[in-house]
Amino acid sequence: ADFGACLITKTDTNPFFVKMKEGATAKAEELGITLKSYAGKIDGDHEAQVTAIETCIADGAKGILITPADTSSIVSSVQKARDAGLLVIALDTPLEPIDAADATFATDNFIAGELIGKWAAASLGDEAANAKIAMLDLAVSQPTVGVLRDQGFMQGFGIDLKDPKKWGDEDDPRIVGHDVTAGNEEGGRKAMENLLAKDPFINVVYTINEPAAAGAYEALKALGREKEVLIVSVDGGCPGVANVADGVIGATSQQYPLLMASKGIEAIKAWADTGAKPEVTPGKDFFDTGVKLITDQPVDGVESIDSKAGAELCWG
Amino acid sequence: MTQQPVLQGRGLVKKFGKVTALQGCDFELYPGEVLAVIGDNGAGKSVMIKTLSGALQPDHGEVLLDGKPVHFNTPLEAQYAGIATVYQTLAMSPALSIADNMFMGRELRKPGWRGKYLRQLDKPAMEKFSREKLTELGLMTIQNIKQAVETLSGGQRQGIAVARAAAFGSKVIILDEPTAALGVKESRRVLELIKDVRARGIPIVLISHNMPHVFEVADRIHIHRLGRRLCVVKPGEHTMSDAVAMMTGAMEPPGETQAA
Amino acid sequence: MTQQPVLQGRGLVKKFGKVTALQGCDFELYPGEVLAVIGDNGAGKSVMIKTLSGALQPDHGEVLLDGKPVHFNTPLEAQYAGIATVYQTLAMSPALSIADNMFMGRELRKPGWRGKYLRQLDKPAMEKFSREKLTELGLMTIQNIKQAVETLSGGQRQGIAVARAAAFGSKVIILDEPTAALGVKESRRVLELIKDVRARGIPIVLISHNMPHVFEVADRIHIHRLGRRLCVVKPGEHTMSDAVAMMTGAMEPPGETQAA
Amino acid sequence: MSDTGTANQNSSNQSYEDVLKDAATTVAEFEEDESFSRKLQNWLHSTPSAVPMFVLLAAILVFGLILGSKFFSPFAMTLILQQVMIVGITASAQTLVILTAGIDLSVGAIMVFSSVIMGQFTFRYGIPAEISVAIGLGAGALMGFINGVLVAYVKLPPFIVTLGTWQIFLAANFLYSANETIRAQEIEEQAPTLQLFGESFRIGGAVFTYGAVAMIVIVVLLAYVLSNTAWGRHVYAVGDDQEAAELSGVKVKNTLIQVYTLSGLICAFAGWALIGRIGSVSPTSGQNANIEAITAVVIGGVSLFGGRGSILGALAGGLIVGVFSLGLRMIGTDPQWTYLLIGALIIFAVTVDQWIRKGTA
Amino acid sequence: MSDTGTANQNSSNQSYEDVLKDAATTVAEFEEDESFSRKLQNWLHSTPSAVPMFVLLAAILVFGLILGSKFFSPFAMTLILQQVMIVGITASAQTLVILTAGIDLSVGAIMVFSSVIMGQFTFRYGIPAEISVAIGLGAGALMGFINGVLVAYVKLPPFIVTLGTWQIFLAANFLYSANETIRAQEIEEQAPTLQLFGESFRIGGAVFTYGAVAMIVIVVLLAYVLSNTAWGRHVYAVGDDQEAAELSGVKVKNTLIQVYTLSGLICAFAGWALIGRIGSVSPTSGQNANIEAITAVVIGGVSLFGGRGSILGALAGGLIVGVFSLGLRMIGTDPQWTYLLIGALIIFAVTVDQWIRKGTA
């Protein structure tokens, strides 16, 4: 069976998606599928994804794997693709509603956040009540991944979320403030500095991803406070896991993009061959590729693996 | 002369930051005359005519048209009142055509619904009119009326600016150094044009540094010095030497000759 | 005249797209003379002196300095060879000071290591020199040598351009309509300056539309028409009427007067 | 000699001018000898708007040859139109502003904020969609008006004004929307008017959305206005030489304000079309709209210095980028290579344009 | 009267000019009566570079009053320096280009690509860090040189050239780096030279990084070069009026190429400093560098039309934004509001500047 498929990621500059693409390409080659990849210019660029979906339809592809840049904005286009007879699988981020795609292979980002929140609270023990927390988010436009992880962290830490659909409306005094990082080192450092200038005694730092965590660490290091602060993050990329081993990051929630990608390609193949659609994880409305907490300081009540085990599973 | 001036300025003052360009300047233009304005570089001649034609607003003083005070906030308002000006900088849009430039700000629309509802320009009419004006004034040989102004020589451009003023100035025509960049032949034609326009009864203000030209066409000469009118003289009553001497400060002006 | 021309052009051709500005044009300037160039607007006078001074490169033809062919790729190369030009557009940087403009492209550095290693400009020396030149030439009263050129009147600017050329032109000075925007007084000073420079033995090219000025200062007159030299006449041998008639095509040029 | 001071001024003062009556009156003629490339250049030189059309046709041809019928199909061709719609509309607005020698960095922000206003007024306040659309259009025009006032009256450089308002409008958009997306399904059920421009009709294999048609209507209308009305000529005159325009009787300030306001209105319209295109109302849309609109305009041969260029050129510029992107995507080019090639395309297209406009090689 | 054709040309042809020997030689004087605000305006008008300094001091003062010693501390003050370092260096490069009436949209791309080259050459090819840094600096200069050639020789508008090369350099950066980050810890162990500008020393509570010091050195050096060397005057002359500069003997093309090349080199240097700042080498850095550098330059009073402004102004511009962002963050302003207020700050700062420069209210 020689046919085409598409992979549409949020960007092609974030290592997460670069690895996802590598995984998908390898699997596609193995199964004899021609894979074409598309991406937005920046995270949140859903218009480029719409254009990419249209191209796939015009191109006569059999199926699309997509990491939605906006959970609801591309639903209409996805519908168009399905109407045109393509199998559409959401990866990494579910669509809203989730059944807008034929299937979803994703991490539960809220749970990813919750895990690191729980870990941070448990690590601090009684001190958690007096914690001073910096929240380093993605962008002022508050994309959903960022909101889910941020709010998941708070839930895990035991903070009242108020509206779970946005960050910044909480009134828990333990939160020093939110700032945005663009998900890279530069932004992470600046945001950390800003919040440190506001309150130099911050001792817990939530970060949207590992590059932002690395940047935050540099800011703390410049002050000589890097040993006194817990940094938590999400992703589980190889540099991130290495940073856990080096003590830069206390704990991170690892995701499995390669698994999402290869599962996705397999599903398209199966559908093209037999017309069968993939199963979902029992009890959920999507296939959970799972998320594992990686830390070298495990705490009771939160399941985790150490950085050595994490390094074997890491993706970049 | 007990006539009422067509265009008049009284006590005009204009400053640019620290520079005083006009310092209580008076000005009168009478019906049917050619009034020359002479003065050193930087004396304030151009600024004066700009305040008279709405291109600049005076800080103090007033402008009167037919004896009635007027406030021109833009050159367009002065144009509506019949004052057409050729500025020293010519005021042409280089990328636009000759016809576009001739009619800038006073375009003709197609007759009927196309003009009224679609606001469509009557390009053929404007081109025809422009060609006529240029031919009629014999000013120069323009090959193509749709040509962009930037493709013309400096002299041709000055000619078009003069033709535009002559065509639309129903009450007053002001020319600020219209022949500065022109050759002998081209200058001569502008002087002839000035005489033609006067013959039609329209008064003209001519700013020039060329004394023979000034003494050839002017009925009266407004001598400008240090931001104000020093005096007004008549070519028949004073020599070129006198005029130059007064304008450069080498000679005192005559007594009360202003209302000459 | 069997002397060798200081500056010479042979068969110069220059086209701009469809416009032919020079069409096999010849030119000679002899030592110590004032050569006037006259011609209609758009005849190609400015383009000719631009090709002679490195501002434009001719499509065909050659430029010779002291009889030797030269190729000026930029105005700077011509300046190094001693040719100073006042272009019709003046070529001033409005936001820079008078001294900056005077020395543009030929700045003085501090003596010693500061000039050599730090490449530091000798601002006081440049300012002193500028002030001297302006005062010496008596051209005008400049209040502040550090003043930006844009704060000066058109006449003052033209004066500075002329002073710059006079100060740095060691071999040839070219003036393209240097008095077009100037008042009577200011024009007179430029004419005096031309005579001074000639007295120093430096030959001058003067482009002008002002016939009395041309006939006052020129030793020979190059008449330019339709992109080429029509002929060269001497003021003593032809009248202004003749010159104007030839330049406008109203009269045939005299026989072989070119090497007058 | 000539102290003619006591002259009688009715005779000529300078009698050497008497000879002028015999002066030549014919225009100079010079022989022509030109190479083919010089002739082509001269032809294009006299019709510069043909240049981007040329490039566009060439691009379609090249991709057609590579990709065959997949690309050369009515479906793919009309798909390009759909994909270019938003860029085409915002580029029209941008062209207007650039023709006045300005630049509008806020087009994307105005577009997305207006679309959010249309959506939120409908869903948050329950106002009928038609009225909400009108309010959204009004809001866009108001934002443009603010730019216009700052440019025309406060006399700030357009680049700076719109650099500032871009951030202001965009932040206001996020704050006002609370970053909430309104889902396509809800809009479809409750306020289909918002999605009007997403609807389509078919002619054979070709699929035309109302949005693509609207884009073409806007471009044609503006092309008419710019070249056939006094106002259009004034827009060019203002961009060509603002002071000259003022002195020759153009109401420069009014024209500028009208241009920026109209630009804002058109961007708001693009915001409405955007809802049709993506189905939903999302405050994160349009992040690349600025750069894409400017790219279309410059590839279309509109001069950033004002006064030169046409709105049809800008549309062609948008289509060139659209053809390129779709073509490269269909070939399967890696996205980064696509960006790289589009960067090269910008430089190439403008180099060709420059070569033609110069008239000299 | 005056057919002086057969004249003897040594006497004056127009004897009415004889009276000129008596002409007045004094300069006109006019009385002054000015309000205080007019006087202040005139003073600032004559020293325009003081304006951004003024705004900067005012901003520090206002935030100091609101926030007290927290803000007025050596720590916070030096933190601003650190945060502004990258913007300050890229804004210096941008100022050079803008002074020539150009604009460089590729500063951010050159910066990040150069830093990636430094990192990859060290780690991928095992070249000693010092040599890799030199290669990275050379690569930055080369990218600038390419911009310069396109601007000076192909004569394309700088906006378009750098719009194109921005995309090209950025895409090349992603393709070359394969989007891989080099971690801070690895660099620290194996190639600390790369992190040189992240190191710091303390004077009391103040923390100075070498990077912040380097920024100040670069600014002072460029300020010296611009105002005290012939080359510096030529940069201004080119931006002021390119044709005039050419005619008065400036090697315009050379100057332009040198400016763009130097700008590229400085951006590469910023790339090196960036590694020090963020610890790691990351190809996704520097995405906002363009807009931040341009914002600093325009707030610093450098004219986008070229020829006017100073590099110190640009530094002040960067610091103003730095003071504002940190101050607002410390007050606890939401990031979205901060974004909005910085948009307003841009417009406000330039309005003040405009008011002062005009000389007329």
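We call the chains A, B, C, D and E, going by the order they appear; numbering starts again at 1 in every chain.
Keep in mind that, in the parts below, a contact is a pair of C-beta atoms (placed from the backbone, for glycine too) under 8 Å apart; a residue touches a chain by one contact, two chains touch by 3 or more.
Treat the numbers as computed from the prediction; the structure is a model and nothing was measured.
Chemist: Starting at chain A, how many touch steps does it take at minimum to reach chain C?
Modeler: So the least number of steps between the two chains is 2.
Chemist: Distance-wise, how many Å sit between the C-alpha centres of chain C and chain E, to the nearest whole number?
Modeler: Using C-alpha averages as centres, the distance is 38 Å.
Chemist: Rounded to a whole Å, what is the gap between the Cα centroids of chain A and chain E?
Modeler: 37
Chemist: Between chain B and chain E, what is the separation of their C-alpha centroids in Å?
Modeler: Whole-Å distance between the two chain centres: 45.
Chemist: Listing for chain D: what residues touch at least two other chains?
Modeler: Only 2-5, 7, 13-17, 20, 23, 171, 174, 334, 336, 339 qualify.
Chemist: Note the residues in chain C that touch 2 or more other chains, in rising order.
Modeler: 184-185, 211-212, 239-241, 243-244, 248
Chemist: Could you check chain A for residues that touch two or more other chains and list them?
Modeler: 12, 42, 140
Chemist: Taking all chains into account, which pairs touch?
Modeler: A-D, A-E, B-C, B-D, B-E, C-D, C-E, D-E
Chemist: If you look only at chain A, which of its residues touch chain E in the complex?
Modeler: My answer: residues 12-15, 18, 42, 140, 168, 177-180, 182-186, 188-190, 193-195, 197-198, 211, 214-215, 217-218, 221-222, 239, 242-243, 246, 248, 316.
Chemist: Give the list of chain D residues in touch with chain B in this complex.
Modeler: Of all residues in chain D, those touching chain B are 2-9, 11-14, 17, 20, 23, 25-27, 228-231, 233-234, 236-237, 240-241, 243-251, 307-308.
Chemist: Give the list of chain B residues in touch with chain D in this complex.
Modeler: 55, 74-76, 79, 85, 87, 89-96, 100-101, 104-107, 109, 118-121, 123, 141, 143, 164, 184-185, 188, 212-213, 215-218, 235-236, 238-243
Chemist: Write out the stretch or stretches of chain C touching chain B in their complex.
Modeler: Result: residues 19, 39-43, 151, 153-156, 177, 180-187, 209-211, 244, 247-248 of chain C touch chain B.
Chemist: In their complex, what parts of chain E are in touch with chain A?
Modeler: Residues 70, 75-76, 79, 82-83, 86, 174, 178-181, 183-185, 198, 200, 207, 209, 274, 277-280, 282-288, 325-326, 329-330, 332, 334-336, 339.
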